[in-house]
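Chain IDs A, B, C, D, E and F follow the sequence of writing; residue 1 opens each chain.
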Amino acid sequence: MSSISIIVTSPPYDSQMSYHAAQYAKAVVNSDNHQLKGVFFYGSGVLNTNALNLTLTDIHNVCDQWKMLARDHQVPMYVCVTAANARGVLSKQDASDADIEQYSLAEWAISCGLGEWVALSEDADRVVQF
Amino acid sequence: MSKSTAILNTKAPFSTATGKESLDLVLAMGTFEQSVGLFFVGDGVFQLLQGQKASNLDAKEVAKTLQALPFYDIDDVFVCQKSLEERGINGAQLCLSVEVLPSDELTMKLSQYDHVVTF
Amino acid sequence: MTLHIMTQRLTKDYLALSYLKPNDGLLFIGDGSYSLLLEEQMATLQQNHACYVLTQEIAAKGLQLIDGVTAISYDNWVDLTSQYKQTVTW
Amino acid sequence: MSSISIIVTSPPYDSQMSYHAAQYAKAVVNSDNHQLKGVFFYGSGVLNTNALNLTLTDIHNVCDQWKMLARDHQVPMYVCVTAANARGVLSKQDASDADIEQYSLAEWAISCGLGEWVALSEDADRVVQF
Amino acid sequence: MTLHIMTQRLTKDYLALSYLKPNDGLLFIGDGSYSLLLEEQMATLQQNHACYVLTQEIAAKGLQLIDGVTAISYDNWVDLTSQYKQTVTW
Amino acid sequence: MSKSTAILNTKAPFSTATGKESLDLVLAMGTFEQSVGLFFVGDGVFQLLQGQKASNLDAKEVAKTLQALPFYDIDDVFVCQKSLEERGINGAQLCLSVEVLPSDELTMKLSQYDHVVTF
């Protein structure tokens, strides 16, 4: 049994890597020999956790795939709060702290610090970056 | 309309949304009857490869829209010969009838437009 | 042994090429998959490296599989991840 | 008197070009011989118009500079609605149309279609892209 | 005459280099400003092209101005925009 | 902690936030006592240039934080000799005392870490 943690640093719409990341993550959770410890969104990858992304009907919405992985397979989805806030991804609390009325963080994403990534990578036999 | 714009495609499809968004801009210019030229250079030439089936990556079929350009009266489509050669592509592998030009001729064509927008 | 995730097309300046060990594996993905069109450069790499590409990308991008490159699924990729000691994304 | 239109296709945080764009735009409005017809945000450039971008106190916030150009110099700031929606930038109306409660478009940005850019480029002696 | 906005460092594969006309101007900006460290390549370009760099970038990035390159302000850049017929960003 | 991570810096400062964010990650690893190595290759070596004054571009002074790494007990900092040479930089122009390695030695170093994260 081999354990894997995923770090996503590519944006959802302007790169293809986050699509591959979600497909890869699905393959890990469906594998008998591997365990997915969690997904961590960092850098431009935090844009994957923006709940306000609307995609055209004929294009995949990778954010929906992350949501399903979180809901159906209980994969923890962490997002670095500093990287997210710098790119317009705010939790309700972040928004309220900054006196902003609106917020944008997807409900399936867990806002956290970099310590979570240190723990995820410590727990994993392999780290894969997208 | 009196101004002309060259749209310069420099990126491969899929990896960025630029293929789709450059084409949307070209079609908008066609609709408003602004003169427009479409240039494929560098990795942009990959957008012209035959036999693309974007549905395999759950992505939009941009190549299909490209093939419809003549129906929008957008006929000034140029591709860089050197870029094709450097990427191992021959002209017969392209999905669209385009004018293949040496870099220096393409450079002269490009300089004839008022504006240039790069994708 | 390292599995290198090659996200860019092979060019002389591609950074990854300076940091490969013999027997490292190469997965060509994203823009990297267009490297399949460069048969000469691929042949050189294949002398020291197992080369992989995702089946879906070949089908999506108008590419052809070439000799000596293995087309893989996401499931295969997951297996490769544990077979190699380390993964580096370039 | 020479007229200039600006198109911004680079994101605010992960590229330096939007910083240069705002400085350049300021130089145009302060010039006696040039007129700025407008700024159009397209591609990843639409992220400049996300009102929820929070920047660290010691980093410039380029969004504030766009806001000042709009307010103090009446420079029209257009953003392509399709490109924006795909990247999580929604006007109140866009959000309501998509049954989403939250929205994120900056109040200084004007949501529009690509026809606005065609008009801006038609009006300009020069187009500069960032 | 075209003003080329060079946003990347000079490398052999840099696309812009294939599409320059004699007397076109080159503004090195962003990562492009690191081209100032490549004196040989810059000298070759200077034979046919006026070369510019933003004063602020030199100061910010630990670079030195080199012979034959003109350091300019944003105001200068605006003036250059009308002096050249066209601007292309690479 | 038993796992080790190599942080691979491949991008120039300023143009992306990666310089700052890679350093934040390095410091977090230091804080949680995970073993970490910092590698500068390709355009990443520009982060080490002496005399940077980011305030001229209203940007964060990342180079200052780099110089503080020894105080956080982060001593495994490696830079690629070939990348420096190709970019016209000599070792004396660097703002931090680092180990300059030929590509093959740097490759061997890198392979000794459990995980690699690229910025």
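Quick notes on this structure:
Throughout what follows, a contact is a pair of C-beta atoms (placed from the backbone, for glycine too) under 8 Å apart; a residue touches a chain by one contact, two chains touch by 3 or more.
As the structure is a prediction and not an experimental result, all values here were calculated from the model.
Listed here as common contacts of chain B and chain C: A, E. Between chain C and chain D, the least number of touch steps comes to 2. The centroid of the Cα atoms in chain C and the matching centroid in chain F are 26 Å apart.
Centroids of chain A and chain E (each the mean of its C-alpha atoms) stand 39 Å apart.
Between chain A and chain F the centroid-to-centroid distance comes to 25 Å (mean Cα coordinates, whole Å). Of all residues in chain B, those touching 2 or more other chains are 14-15, 17-18, 57, 59, 114-116, 118, listed in ascending order. Chain E has residues 30, 86-87, 89 in contact with two or more other chains.
Multi-chain contact residues of chain A (touching two or more other chains): 13-16, 43, 56, 82, 86, 126-127, 129. By the document's touch criterion, interfaces exist between A-B, A-C, A-D, A-F, B-C, B-D, B-E, C-E, C-F, D-E, D-F, E-F.
Those residues of chain A whose C-beta lies close enough to touch chain D in the complex are 11, 13-14, 43-44, 47, 50-56, 82, 85-90, 94-95, 98, 100, 102-104.
Chain contact summary for the complex, chain D toward chain B: residues 7, 9, 42-43, 82-83, 86, 113-115, 117-119, 121-122, 124, 126-127, 129. Within the complex, the chain D residues that touch chain F are 13-16, 19, 56, 58-60. Within the complex, the chain E residues that touch chain D are 5, 7, 29-30, 54, 73-75, 77-79, 81-82, 86-87, 89. Listed in rising order, the residues of chain B touching chain D in the complex are 1-3, 5, 17-18, 21, 24-25, 28-29, 31-32, 34, 114-119.
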